[in-house]
Every structure is written in structure tokens, then in C-alpha cells.
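Look for chain A in each of the two complexes below; its partner is chain B in the first and chain C in the second.
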Partner chain A sequence: MGKSGYVVRRLLRTIPIVIGVTLVTFLILHFTPGDPVRIMLGPYATQENIAILKEQYGLDHPLHIQYITWLGNILQGEFGTSIRYNRPVLELVQDRVGITLMLTLSGLFISVTLGSVLGIFAALRQNSWLDYLCTFQAMFWISIPGFWLAIIFLYIFGLQLRWVPIGGLTGFSSVILPALVIGLQEEAWFARPMRAEMLGVLNEGYISAARAKGVKYIRVVGIHALRNVMIPMITMLALRLPWVIAGSVVVEVVFAWGGMGSLLVNSVLARDFPVVQGILLIIAITVVLANLLADLVYSLIDPRIRVEGGKK
Partner chain B sequence: MRKIVFLSMVLIMVMAFAGFVSAGDDSEVRIAVQVEPSKLNPITYQDTETGFVLGSICDPLITVDEDGSFSPNNAIIERFSVEEDGTVITFVIRRGIKFHNGDPLTAHDVKFTYESFMDENLGSPHHRYYTGIEDIELVGDYILRLTLEETDVTFLTLARIRGHVLPKNYIEEVGWDGYERHPIGSGPYKFVEHVPGSRIVLEKFDDYWGQEPSIDRVEFRFYPELSTAIMALRTGAVDFMPEMPADEFMDLEATPGSGLAFGTYQKMEDHRICFNKREDSIFNDARIRQAVAYAIDVNELIALTRGEMAVPARGRVPSFHPAFAEEANAYELNLEKARQLLEEAGYPDGFETEIFAPAGYRERIQEVQQIQVQLAKIGIKAEVVTVEWGTYLDVTADGEAPMFRERWSAGVPEPIGFVESWHSQSSWNPIFGVYNNPKVDELIDEIRRTIDDNERWKLYHQVQEIAMDDVADYPLYWPLVGDVYNENLHIPEELWDPFKIPIYYINHWSFK
Partner chain C sequence: MEEIILKIEDLKVAFDTEEGDVEALDGVELEVKKGTFHGLIGETGCGKSVTGKTVLRLLDNNARIKGGRIHYGNIDLLKLTEKQMEKQIRGNEIAMIFQDPGSSLNPLFTIKYQIEEAVSMYSNLPRNKWNQAILEALQRVKLPDAANLMHRYPHQLSGGMKQRVMIAMMLACQPQLLIADEPTTALDVSIQAQFIKVLRDLKENLNLTVLYITHDLAVISELCDYVSVMYAGRIAENLTTRDLFKNPQHPYTDKLVHSVLGVTTTLEALEEIPGSVPRLINPPAGCRFHPRCQEAIAICSKEAPPLQELAPNHTVACHRR
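Presenting the complex of A and B:
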């Protein structure tokens, strides 16, 4: 079995994980009090109205039938129709996934770059004031609740300084603050391991050897050392992805972006089962695939790592 | 170190260059709403925000004048008449009105709209208002005659198709799904696009028959977070925000140099405490409810949450309306009387109970917390329970909440919505804790049959007096609604009226 066999087996293994995620969310949602039809029709709905709609959305069947029906539809690529919006779930997601993707990726980009740069500096100047400053600022951002940081940033840069527009996705300038909020909050997760790994690597013999043979210092750090700290960084990237997606929910709401995060929140509040289930399924698949991708990238970066089952 | 400085400078410069905040231009008004309309369907919508948007796209069948009487002004009818003890209503439709796709609006469209509300399968929450229609008859292309099964003076208030005349041919062609994606009407603005999660854009309709809009484009922007919406308002990124929460409204009003203007109007709405009056509940006993009513200090509540933005209630119909019950018992604060009533009911030392409010409604939660403090003075230990909205609807309707904090809006001009739920046969009756008084049932039935206005207002007075003696609910206050807007926006004075409301007349707005 070669690499492709490994990938296939890994992919097969994701199926029970993904099904588990949907089953748990399905049960949580259905055991939370609150009826989607009653919420939709408001407090003044008649029993007949409620019954008609319940039948329409198949909510009158027992739970296990509802779940199995849903699962069967998913296997046929049918994500169902939103109760609240009366539109196909996939269409709702399609409309918004780009926004969430942009926010997540730009946030991750800032956190990785900033985290790496600060982590390297901290390692090179170990125990200096610069090192302490890097640690301090990383802890500072990570300790502030995301929504509060978002509002404060909007207040300073949007309302007081008028550098960026307030709310909405209206071009490049409107992306900066939301990405920065996510970036700063996540930055510590990359700065700390970067510093620790860098310190370890810099003490290795091959670094001394490289320097002894006259390689420029910046080249030693940038090429020789950096390459060796990439693995833990990629692991971290895959591990942090779900958290970044979760963080973007809050950021989207404050910045009025209306991506998948706010769709998810609204759908949970409305008990819009098909949408909540659909989005969580997509997120679960994304996270599992990201982890798989990270594993595959390891072997590209470090030839010593072979994927499981590969040639020794 | 130099690199960090350099990096941060680059970052700041990028922000400065990119951050050219475009100021609003005169041909567009941007309106901030907190909730995104779920579907633009006049038959089924539930949220006020959808009503705002559809209000500009569609034209009303009939409107209400400042004095609370029905009128053809700004409506698609030229005139209307009510005959045969109120059982026959005839609408004469204006000629020359066009839908946004160019089709003429005729009586066929009005008939179609009525039939859509009557169609059970379309699932309108207003469906039952239309069950009293016996016959809908077309008299030529521009006259429509409705025949009711019996006299019902509340019919035009409740069953005037929610102010939206729908295009029959278009809907038959594209279906309801197609309509929701691209709604058309005969109103001053036509639908351009709905960017999910972001905004709904409308554009001036050039062939509009009525007052020509002075502003070319209307954009409804969704700001789920209130503080973001307020900052957007202060920077001019949006021009108008309807129904601003009272405390924020007062804060902004007190901020000098904000560049904002403020307007208020009274609304057909009351805020009240409801009781579970079922037999197994302690509040089944009217004396206990009266004790609670005497113990609540409404003025303290208003000062806490609304300041100038509310009027203490007496009965349920707001004081600007002729059906306002001046004689109803308002239960001014009287702790002694409250204690005495508790003693008579057999609870001299009070009792423990719960008071529910929906989570996320800050104002209501603050108020029930204050009520908790007030009730403690007569020995009632009321635990405050906040539950998420969906759960709240369930527990209050199922009688699991002994006391709960409600808000109720009624249609205009007939205030039947305020008293209707007291009728033992009303489907709302159990939702607000079950109330059963044969005299009240009788009076409400009589209200529906009484055509003479003054006679009818008297019946309203009576029914409120009785229900207040029973404390069927305890009304707290009538709110004032506050809209905040760009001071360069001109909104005519006459729109600040409970029967008009500015956001439904954007075509009357202009920039100075």
C-alpha cells in the first residue's frame, strides 16, 4: 500500500467521526427545549398552523426516523431545506461560506506570520526585554474576550479615528480589523511554540556547524532552523482551525459580516435543525480534512517522516 | 527591533490608506436593522424587519388617518364603503397603478391577495382573521366586494392583507419561492438584491403612482450587534435606525455634537405582567394578583429602563386612543393594601414563586429583577428565571411560568388586539395564562357587533375596567418608540404618528 492507500484509509476513518458529530448535535438540538415551528410562527400561532408546518418539515416523526431520514438524504447530497429561510441549506451555506473562509484564512495568516516573527525574535533574544514583551503581548491578546476586543477596535479605529468603515464587508479596509482581532487572539498559539522550538533547534550541532562554516546568521535562522520548526507549527495550524472557526462566529456578528458563523447562531436560536446540522457537518469535515492535510504536508517538509505504510 | 517598528508602521499605513470611509451620498439612505428578514413573504412573515422592507415594496390596500379613521390616502383604493350592518365592504381600486414588472394593478390582484391569506396551505399566521369572509366578488376589473358572515367591526383592522397588495400574474408565473427571491409590488421602491447576511437593496420605482421618492436608493443593512449599529450611525455609515432601545436612545440624545436627529411616536403596544391563572396555580386567586399589582411600582420600573420613553399604563388601550379606559383601576403603589389582600387570600407571610423573562431582552430582565425586589417587600419571594426565546414561548404557553413579562402590539386603528385574548374562546387565551369571565366574553362579542364608534369605545372601557378589577394581566406601561437618524435627513413631522410611522413612508423622506 502506498500513499494513496493511506489517504483512503484515513478518509474512511473520518466517516464515523463525522457521523458521531452529527448524531451528538442532532440529539443536543432536539433535547433543548423550544420548537422551531412555534418559534417561527410566533406566540400567536394556532395549533392547526403548527401541525401543518410540522408535517411539512417532517418534524412530526419520531426522533430516530428523523435522524435516519436526514442521514439518508445527506448520502444523496441532499442537505434539506431551512425551516426559517425556506431555502435549500446548501444554497444558504454557499452564499456565506466565502465570507467565513476569507475571515478564517486572513485571521490565520496574521496569527501565523505575526506569531512566527515574534516567536523567532523572542528566541534569538532569549530572556531579554524583547522576549518578555513578546510574551506579555501574546498573553494580553489571548486574555481579552473576542467580542470585547472587536468592539473596542471598532470604537478606536472606526468611530474615533475613522480609519475603517463600521460593519459590513465593503472592501479591503473592512477586512483589516476582523482579521486583526482573530490574528491577535490566535497569535500566542504560534508565537510560544515557535520560540520554544527555535530555542531547541538553535542549540543543535548542525546550527553551530553551519555558522562555523561561515553561513550568514540570517540564512542559518531563516533556512536551516526554520525548516526544522515547521512541523510543530503545521500541527498547531491544524489544531487551531476549529478554534479559529469558532472565534469567527463572534467576530462576524460584531462586524456585521453575515458569514456562516452568524447563520449558525441564528439557526440555533431558531432551532432550524437542517441548517445547524448541515453547517456542523461541513465544519466537521473541514477540520478532519485539515488534519489529514497536515499529516501529508509533514512528509513533504521533512523527508525523514514517512506516511504510515509508506516505503521505509 | 527595527523590524517590529517597520512592521507596525506598514500596518498603520495600510490601514490609513485603505480606510477611506465613504460618506453617505444624497441619493441613498441606509437603514440599520438588527435582524435579517428570513424570507420576504407578505403572507407568512413574522419579524418586524420584513415588514419594514415589504412596506416600501408593496402598497397598502387602505390606510389610517391621524384621527384613527380609515382612509384611501396613500392607498391603492380610490374609495371604499361599508354597508348592510358592516357585512358588505366595497373597495374601488385606483386606475393606472402599475406593478414593478409593468403589469397593471386591478381588483383581481386584491382578490388574489385575500385568497392567499385565506389559503390554509400557505400557512399565514393571520389566517384566522380571514375565516369570516363569506364571499369575494369582482364587480368589473376595479371593484371588489367582500361579504362577511356576520357583522365584525374589527375586520378591516385585522384583515386588510397586512398592507400588501400582491401581483397575481407574477406569483402565478414564478411561484411563492420565486416571489420570496425577488418580490415585486406596486410600491415606491423596487427590490434590487438581497445579499445574505449583509443587506437588502431597493431602488426607486420610476412609474410609481403616488408621492415620488426624493431618495433614489434604500439599503437595509443588518447589524446583529447593537453597539456596532450605533457606531455606524455615529460615523454616518448608516442614516437611520428604527426602534432604538430606550436606554441607548437617551444616551445618544444626551451626546452633544453627535450629528444625529431624534424622533419618537407612541405605538399601539403595551408591556405587562401575565399570570398563569389556571386552577393549579396560586395566581388563580384574583386577590393574589391584585396584591402583586398593588406592590409593583411602575414609575420606578420606567425610571430604571425607559426614562422619558414610556407612559404608565391604566388598562390596556393606550391613552391616545378613544378606547382608553380612564376609569380602570391602575393599582397605584399601595403596600398596605397588598399585604391585606395577601392575608385575605391566606398568605399573610407571602409565598415563593417564579417570574419569567426571555433571555437576551435586557430591558425585560432588568424590569423583572426590579419587580422581584418590589414583591419582596410584601413577602413574595419571586425567583427570576430567564430562558431562551424558544423555551420561553413553550413554558409560558404550557402554564409552567407563574408570572411572565410580556409585550403586545395591536393592529390599528381598532384596539381589539388588546382585549381579544381575554375572551375564553380566543386561541391566545391559554398562551397568556387562561382567563375566564363570562361578562368579559359577552362584552368582547358585543364589541365586534357594535358599529357605532362611541358606543363601541364605551364597551372597550367597560371590558377593561372589569378585567383590571380581576387583574387578568397587570399592564405596566405604554412605550414610546424612538428612531435615531442622520440630522441631514428630513422626515416630515406628520409621519411621527402612531397611525403612520416614518419607516413605512421612505418615499416622503429627503436629504436637506
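Presenting the complex of A and C:
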């Protein structure tokens, strides 16, 4: 069995995970207090109107029937219709997914680059003031709640210094602050493991051997050591992805971007369950796929992992 | 008079540990003659490996070189900057192979890539000749099927093969001096023999100088011309391999040679050295061997004996000689 066989098996293994995720999102929403139909119709709705609307959205059926119907529709690519906007969920998501994706990726980019660079420097200058400073700043940013950091940054750089727009999405300068908030929040998750992994790898025999050959230290670190720390770093990247998405959702709302984050938050408040379920499912599938991708990247980096693919 | 390629004088190295300073080397003195195999022997923890690593300045971060000189030709290696060591000495002039072949090759790169690094730096060959050079490097250490082998990764090789790849890689740097830090210790006995044969062939065919660190006297007798015996961070005796077995002068050397179980010695005749290796955090005063020495006299516990010349190529640090 070749590499494609490995991918297929790995994909099949994600199916139970995705089903589990659908079940949990479905149940959470339906056990949350608050009736979407009552919220939609307001306090003066008649019982009759409520009953009609409930029938329209299939809410009059027993829970398990509702779940199976929903799952069946999703398998056909049908995510349902928003109660609040009266538009297909996929359409709503499509309008906003680009914004969220941009925020997530730029935040992730900042956190990974910043974290890796700081982590490497901290390892190379172990126990120096630079090392302690790296630790301190990482702990500093990770200890501040994201929404609060976003507000403070907005106040300082937007309101007082007027370097960037206070809100909305108006070109590159408006991306900087939100991306920075996410980047700084997540950076510690890459700086700390990078430092620890680097310190471990730099003590390995092959590092001494490479140096004994006369390989320049910058190359020893940048090629021999870095490649060896990439596997734990990629694992970390895949693990942090859901948190970065969650962080984007919050930060995006503070910056009034109108991406998937604000759609999700508003839909939760309105109990617009088709939208919430759809978004959660999409995020879950993204995370599962990212982990699958990480597994495949491992085998590209480390020849010892290729065994499972059966390819030498 | 043969040319001296490496001369270590009064070398002192200490390690900072949580318990305090460990004086790993305390005045090491030895000379390596060009074109010879020079053995460096002693018990585990006596500072053999530290000596080797100090020559290439590859010590761990908690080590400090407290004094001494390491002359390589007319250069004092301890006076060079890290950049100069990297550029002029490591690989180029002096290379080193390490005890554990399993961890000395980077697991994520092919054998070819790792030897190519050396070839690209030192061979002056055009790029299209590199493959040939890598192939020759592997064949020189008698590795079978080198053309295939070079595309493998370290985990696909046995320990003995990895150690031969290490030698091939270091020789591809074309160094004048090779430091071999217990290269056979981690290998099976049968593989050891094979490896030593490879080294002996290299000795005959290349005019290579090797500082061979080991605790294995059999290897010394097979390979080395000269030997330095270390005890607790100091040199006890510098002598020829012949003298090591026929005419050892230092009481420690004598005990060391007679503590080896050979084909002709029976277990009953085997002598053991009483006591144990001293802890270097608080070493004995005077001669560091005196608590275990049957010939010790009053002065031995007070003054460290200097190395004195008994005969050409034979110096010993003992008050009784």
C-alpha cells in the first residue's frame, strides 16, 4: 500500500471524530435554554404563529429525528437556512469566511515566526537576559485576555496615536492590530516549546559532529537543528489552530470586522441554530483536516515516519 | 626527530556544576607526532574525552578552559576566536568522531547529504565531481554497495556502518589530525574488529595522525604507536605502546595493564586496582593516585609529581621514579 493508501486510511479515521463533533454541537445547542422561534417572534407572539414557525424549521420533531435529518442534509451539502437572515447558511459563511481566514492566517503567521525566532534566540543565549526577557514577554502576552488586549491596543494605537483605523476592515493598516493581538497571544505557545526543543537538539551528538566537520554554526542551527525541531513545532501548530480560530472570533468582534466571528456570536445570541451548527461543523472539519495535513508533513520531514506508508 | 603536530601544555578545564567546580583537567601534557596513532587511555571519567573535545573547542556550555596551551603547528588553538576555529581548524585541520555512532549522524538527512557538506567545503572539486568523491569516501572505509548506501538515512544502517560513515565523513574533510573518541565502545566485538581493520588500512594508506581515545588496551596494542595514560584529570605517563606493555613505570599504568583479562592471563592472576576513581569535585591532594597506590610515600600526599623524562618518548609523573 502506497502513500495514497495511508492518506485514505487516515481520512477514514477522521469520520468518527467528525460525527462526534456534529453530535456534540447539535446537543449543546438544543439543550441551551432559549427558544429561537420565541426570540424571533418577540414577546407578543401567539401560540399559533410559534407552532407554524416550529413546523417550518422542523423543530416540532423529536430530537433524534431532527439530528438525523440535519446530518442527512449536510451529507448532501445542505447546511440549512438561517432563521435570522432567511438565507442559506453556506451563503452567509461564504461571504465572511475570507475575512476570518485572513485574520487567522495572519495571526498564526505572526505567532509562529515571532515565537520561533524568539525561542531560537532564547535557546542560543540560554540563561542570559535575552532568554529571561523572552520568557517574560511570552508570559506577559499570554496572561492578558484577548478581548481586553484588543481594546487596549485600539485605545492606544487607534484612538490616541491614530496610527491605524479604530475598526472595520479598510485595507492593510486595519489588519495589523487584530493580527498582532492574535499573534502576541499565541506567540508563547511557539516560543516556549521552540526554546526547549532547540536546547535538547543542540545537545545531540550530530550537532557536535556537524560542528566538528567545520559547518558554520548558523548553518548547524538553521539546518541541522531546525529540521529536527520542526516535528514538535508542527504538532503545536495543528494543536493551536482551533485556539487561534477561537481567538479570531473574539478579536474580530472587538474590531467590528463582520467575519465568521461576529456571525457566530450573533447567531448564538439569536439561537440561530442552523448557522451555529454549520459554522462549528466547518471549523471542526478544518481542524481535523489540519491535523491530517500535519501528519502528512511529518513524513516529509522525518524519513523514519515513512514506514507506515509502506514506501521506502 | 619527528614533527609534532599537536602539543598540549598544562591544560586546565573545569566544569561548573550544582555541587561546585569540577576540575576535569588539571595540567594535561601530551605530544602527538605527525603520522602516528596516539592512544589516550584511562578509566571512565578521567578526562580523556574532555581533552579531545577541548582541542576542537567543542566543550559543553558549563565548561571553562582555565589555562594552558594547545599548540597545533605554531598556532595556539586556545587563542583563536570561535569564528577562526570554525573556519580554519574544525574539519579543515582537525576532525573528530564520537563515541556513539547512533547519535552522531543527523537522522533527517541522507548519508550523501552529510558527507557532501564536508566535500563541498574542503575538496575544491567542481559540483559534478562531488558524487564521485562521496562514493570514494564510502569505499575507503570498506562500506559495501556505496552507490546505494549513500542515499540511505542513518536509521537504515547498523551501528558499525554508521561509525564507518562517520569516519568517511570526517576523512572527506581531509583533516591532518583525527580525534577518535572511543569509536568502538558502542560496537559489538565482531564489528569492533572490522572497524579496527578499516582504521589500520587507513593508517597504512593515508599519512593520517590519530589521537585515539579509549579504555580498551587491546585496541591500543592493535593500532597505536604512542600512548598517554590519564588518571583523574592528569597525565600519569607518556610512553610508547611497546613500553606500555613491557616497561610501564607509573604504578597506575602498571596496575592498568595487569588488570586486563587477556588470553594468557587467568582470572586468578588478574590484579584489580584497590579503591575507586576519585571524585574530581574534591580530588586528593598531592598525587591523585596516592590513596590507591601501594608504593605511596609521605611526599605523595603533599606534592603533585611533575612529569619527568625517563628516556626518550617516556615521561612519567611519579615521585618514586
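Just so it is clear, the second predicted complex is superposed on the first by the 308 of 312 C-alpha atoms of A that agree within 3 Å, B and C clash if a C-alpha of one lies under 4 Å from a C-alpha of the other, contacts with A are read in each partner's own complex, and residues count from 1 in each chain.
Just so it is clear, a contact is a pair of C-beta atoms (placed from the backbone, for glycine too) under 8 Å apart; a residue touches a chain by one contact, two chains touch by 3 or more.
Worth saying up front: this structure is predicted, and the values here are computed from it rather than measured.
Shared-chain residue A:I301: touches chain C; no touch with chain B. Judged by the number of chain A residues each one touches, B leads among chain B and chain C.
Contact with neither chain B nor chain C is seen for A:I74 once the two complexes are overlaid on the shared chain. By the touch criterion stated above, A:A196 is placed in contact with neither chain B nor chain C.
Legend: residue contacts after superposition of the two complexes on their common chain; A:H224 is shown touching chain C, with no touch to chain B. Once chain A of one complex is fitted onto chain A of the other, the partner contacts of A:V97 are absent, as it touches neither chain B nor chain C. In the superposition on chain A, A:I282 makes contact with neither chain B nor chain C.
Of the two partner chains placed around the shared chain by superposition, neither chain B nor chain C is touched by A:I142. By the touch criterion stated above, chain C contacts chain A in their complex at residues 53, 56, 58, 60-61, 82, 86-87, 89-92, 95-98, 100, 102-109, 117-118, 121-122, 153, 155, 166, 169-170, 173.
If you check the complex, the residues on chain A that touch chain C are 126, 203-206, 208-217, 224, 227-228, 301-304. Put simply, chain A touches chain B in their complex at residues 32-36, 38-49, 52-53, 56, 84-87, 92, 95-96, 99, 117, 121, 130, 147, 151, 154-155, 157-159, 162-173, 176, 253-259, 262-263, 266, 269-271.
Across the interface of their complex, chain A is touched by residues 1, 3-4, 7, 14-16, 18-22, 36, 38-39, 41, 46, 120-121, 123, 125, 127-128, 177, 180, 195-199, 221-225, 227-229, 231-232, 234-235, 237, 387-391, 393-397, 427-428, 431 of chain B.
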